[in-house]
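So that you can tell them apart, the chains are marked A, B, C and D in the order they are listed, and the count of residues begins at 1 in each.
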């Protein structure tokens, strides 16, 4: 028995199997246990597009990747060090990504004739020598699990379902992880409904762990020491859940009831699901007949004094354009969440993309500007939702938040904030009828929020152009011009409340990466690596896409090149060029997947100094000036 | 009696009265007679927003302005030389526009107490000295008409309705115009249905003419000699009718049946009305339940092999976004006509604006590029519709045409083309099943048009991402990237078929105006004036907004300043900046009205040389290089 | 949790018609029946015991949809076809308000057909005034979904080939708990019907025949020229009779088809607002074979959508405390020190 | 004028089921009733005497809308809810094609409700397969417009408060000339009904109850557990009986309400596919008080929309020559020399 323990800095592991194999669950458990152990983690779940693709096929493969580290990590990692593959299809789909020399833990039971056929493989890769470049650990997980469960009351089929826990137990051993968290979780989840299942899963988990301990297949186990993470209480949070929590929090901060008008669509539906479970917070979720009813019902609720939101993905955003135009004409607060997916049209509904940016900014008829925000990480979705609500209410305007499939389903540790410490969202309902004009404006150029039910405020508004003070219909040309420019000025004014743009990494130098949305982690990782190699590289990650911060031109000027990586054909690039007349370098990828760090390093290469001056001392958090990426 | 005749170069005249007063008809008659006399003309009808605003009120005023000239004219003119005002409200609304020293012909019967009240006037402007700056010719048109009709069988009310013909007759005398054309028209229009009305109208017309001849109120009459206009047969054509005719012509050129799927909306409905009357051309017009059904029914028809189109205005364009995304994903030809109006939301439905440009280019989710065109004059709408159909079919793509309210209702002389001389639109339906792949591409990157009903071509396509050759659903990342870039390349390729960009005026110099759409005439007029003053000024008027022509940067480089005038907040400016990184000067106006020439002259002033070198010789047509603005 | 201002309401008992007349000039064409409807609504509202500030009128786009501008209440003139969905959001957020939807036959049955149908099936507490002039008025006279086959308009110069839809049968098909029909120019009839609609607890649509003098003049003359023969006035619990002195009655044959029988025949049907099958039969009647039915076709009480929604929220609140800090901290958490 | 290629069609008499089975793998969940429907349709098509290339299947988005991919015919898998409108355009442009719409309860009744309704009222020649599983399958289990009140789903964890809509009554309300209902897992029943729908001259929707094994398993067990009592099979011209040996019948009372009477009672209604009132009554029947009706509820012949459209075009062509040069030169013209 080998008791050696090797210490590692970072590890990337991917669990892959059939969608019926419980890989998401396995990955989630591993993530939580690892986070509890103090590592920084970043994850990437990857579901199949079909609801129930035929078992064993390539279309049915489900994966979950985790990077965990003793320092900060920002992405789930480019290439797995370890791949757990539960069947042939899973190996086939994922092998190409694994690091050369990496470890493959494969369930040999998933490589029988039927499985090979379904995976479209003529011969078993376990036998044809094609895995020579990897360290292969093939074991019959199914049989081992069955054996571990001998004596339990469960049938063969049910018992087989525990095999993912065997694999998990084995991996826990491999990385010196305790089993307690998962055992507790199994208890909580199954103990009541089916104690036998709980028992079986725990038995399988332990068997896997013991197997690692005893079988002489591993030279040693590994340990990844805890990272230096900001103190506090954490939990794992997906982007969709974070948006839901952010909206509920915003409502509470504003002292309003939350109203969600929406229509289900992948990958946004989970926001609805999360909020529907919060009736006790006074949340109304209205599952409308379509996206148009979703947005306009929210407009009705906003008019009535609720904090109103609508959630959707690309095709739904296209449908909501006319409704958003009404909201901005009536100048009512409204939060529109677009969880972007691969487009155009139905496109790649389960994949991620960032191609709705220009649609969000320009996709309405007439001059119809509105603020557009994008969160950068799953946890940041929480803060961005609150910020969107704050802007919507302060400026009486619809606001679009651009999340995406990667953020929505991705999970990261979220530092649980102290609610009392988050600044309130001030709301002023007009109640005084004397001197009331529906389109009079305050210092933010916002008009009053005047609720039906308030005596003496009876007034009529709508989608026709209105008189700039009384709100009465006006066909006057000068008034129209004034109103068009005022609406634009109101949105432009939002930028006045921005904190100075945060620059991560070097405050000047060779290259500045400018990104937005879910590419934050990949860019961050690349910047870290480049600086470690001695390059002077900075990062600006824009939360506010419209209006843009006023200080960008000055920041851009401090670098030799500005590179704009995006998961589209260069939409932010175009925006920056048009607004700032700066010849930014656009770097794009449209594969339904996030950037790999390596791709960004390559993109930067031609623009970097041949001989970097010196190796930088990488200070924790490597911020140039250090405001928190929270809602300050 | 004064028989003097003064010769003038250009005259601007506006007819204004209550919407019940027949001003549109009067204006149209004057225009036709004037065009027949060989002048170049440009017109601007201005309807009230309400269907039937209360008679006599300011909201009910209807106007019609004409500029006619012995040289080319491009706009209806900034300020009328002559205003015909049938009542107090009409005078009140229009007076501000009239040239100081201009002539006011007013119907004094429209200034009684009731009329003044309805117009919101305390005293009669005819009596309070407020018209001192004008030459006022006040006559009781109503009474004079009644007198002329004494002896006819018509009642007082009916007879009163002829008063516009009295006014028209008077103006005909003033400008030495023959009555024949209008008399013929009255005959054709009324002779059958109500010969008494015909008789009355003719009597009134003649009475007005005779009145001018005899009453000693005019020092002399005027003559505007014929202009040097390209020989040919002409008729007056509105933009909406031109679009309808263009679509029918395109269908004929392609040998296809035309299908229009649409939902009524101001100011686009008339295209439907014109096409609905052309059933004998095999035209199907489908008045759908909404805009979405309008566009998607057209997609269905296109799939079936029709030349398919859909027409709308801004709010409808917003609704069609998802449908257009489907069409571009299925790669089917489709012509989408957006007749822009004042926005956002319901906005100013009867007014003109150019604020849907960025929505047309970017207003769909995902990467969804498509060609965007804009006609520059009412008659050009005909050629642009044909060009749009040609591109749609050649590249198998939806194409957007941006007309606007000003073009749609405006009328200009249209040179009737020889149908046989217009190049056909080649259509290749795939019929051979051998080696057929739905997404194989030709030299234009177009996929085959493969019609249901063709044996052996059975295939399935849709809105999900497809394999780049077979069209089968593909969730593969690399394939998606390939398809996204191919769709973009296909649209970019459209620019390869453009003729070199036409530069009007000077080919280099102080200022280049770059415009698009209905501002053509105003800019043209301003350029002409500036050149006459000795400045070196050019004009580029873009028909193709997406993709932009490749030669723009080179042209822009030949001028000291590029000015981009638009009826929005600077959308083309932004586009040019983003695409070309050129610091263009944006000049904007958002009043629901076209530019005045004077406004453009002012915009240019700061950028012009203090001492223009010399007076230019203005050659007819002042083109730098002279390709026809037709569909060559 | 909500911090909506707490407000002392005005006294509804003092309200008169005048309180609902704003200063804005009414801009319908002279002779348009929309005026008559406006008049009846302005007469009705003060009788309902509701403070004026609690009325909200929500409309789409169309001549009829200008209505809110002519009411001294809260008013939203929104976008084409979406009023029922906007009003649903408003009513869900603010069940204390009395929310009225004003719409045209194009607005509610062409572009807005789906929202109309879903408001009905959900049974949202909205009063719906459906101005049916069988034409698109505002866009100057295209045929609408209720225009008769063969109608000649600018968009159908050779006659429309669209079979019309009947808003009443459509509402019944969607499961409406209330549906009524009235002649817009028959003041007392309209008032009575609207008074019933105003008191219904949930979705209460009234189809109002509205003569458009400009683009569809005379469309409803068929129902007024010989009123006794052409109109069947329905009264709950009363036999369904029409004609001079009620000399004719409506019965049903073994195939479920309506038939005309003598007014005193034993099988004359009795109007029953609870029977949706009967309502469907009555809605299907039309000249020349039958009279056209006017009045309340169906009225049953069923919990409104907003009542169910707020009951669910109240029950959830009674059961679980809404502790935001606890919510944020729920699930698996860990402490980093 | 149209230059569509003139094509020699294939011989339909040689077609078999296999000709309609493409190579694409079917990707519904094992056990999904969608398979059964696919099977019946593939069996039915070769019997219709239509060349294979003349079939076009148009669907929206949803599990059910994947259907066209599994048919070796022309197929469009379009966007959510719009299939009826797309198919309308296709059928108008190409009346020679046999156009089928495939849709789900969400696709056709939530987002697509309006297009569905308008296709019906216009009477467009489309066969509509409405897969009603009373759930959103593809988006993983939210309640749909046909889900029952109180249904617990991810989007309604405390139970849905939406009253469901019945596609059949909705279709009748819209004026459908044909409407049928069948159990998706009852092959012979489904085949018979679809065979009728396939031969209807205009819009022919069939509501098919489709068990979703993943998100709504057992939703239709109520109609199969005691079939005799739970299903009313309708046959045109036959008395409406159900129960063991037809011991019960459906009759109507004086208020127009359905009642259950002994099977041999004289007032048992006779099914009449021409009577829409009867169809409405039958559609409204539901357990436990009544059986659920299956079969063809209504079928009447009325000119299809595309027939009227093309007749109008033909008449116009017969009357006026289509001379483009003359059209361009029409109206007031003048010569400039």
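One rule holds in what follows: contacts are C-beta pairs under 8 Å (C-beta built on N, C-alpha and C of every residue); 3 or more make two chains touch, one makes a residue touch a chain.
All values derive from a computational prediction rather than experimental measurement.
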Have a look at A-D versus B-D and report the one with more C-beta pairs in contact. B-D
Quick one: which chain's Cα centre is the longest way from chain C's? A
What is the distance, in whole Å, between the centres of chain A and chain C, each centre taken as the mean of its C-alpha atoms? 44
Take the average of all CA coordinates in chain B, do the same for chain C, and state the distance between these two points in whole angstrom. 40
Would you pick out the residues of chain C that each touch at least 2 other chains? 61, 79, 111, 113-114, 118, 145, 158, 162, 309, 312, 316
Multi-chain contact residues (two or more partners), chain A: 59, 279, 289-290, 315, 322, 325-326, 330, 345-346, 462-464
The residues of chain B that touch chain C in their complex are 50-54, 59, 263-266, 269, 272-273, 276-277, 279, 285, 287, 289-291, 315, 345-346
Could you pull out which chain A residues touch chain C in their complex? 32, 35-36, 38, 181, 185, 229-236, 245, 248-249, 251-252, 254-257, 259, 261, 278-284, 286, 288-290, 292-293, 296-306, 308, 322-323, 325-326, 330, 416-420, 427, 429, 431, 451-464, 472-473
Complex interface listing, chain D residues touching chain C: 111-114, 117-118, 121-123, 145, 158-159, 161-166, 169-175, 252, 254-258, 267, 269-270, 272, 274-278, 280-281, 284, 302, 305, 308-309, 312, 315-316
What does chain B use to touch chain A in their complex? 49, 313-315, 317-319, 321-322, 325-326, 328-330, 340, 342-351, 353, 355-356, 358-359, 361-368, 462-465, 475, 477-478, 480-481, 484-485, 487-488, 568-569, 574-575, 577-579, 581, 583, 589-593
Given the complex, residues on chain C that touch chain A span 1-5, 7-10, 22, 24, 51-56, 58, 61, 68-69, 71-79, 82, 85-94, 96-97, 114-115, 118, 309, 312-313, 316-317, 319-322, 324-325, 327-329, 331-337
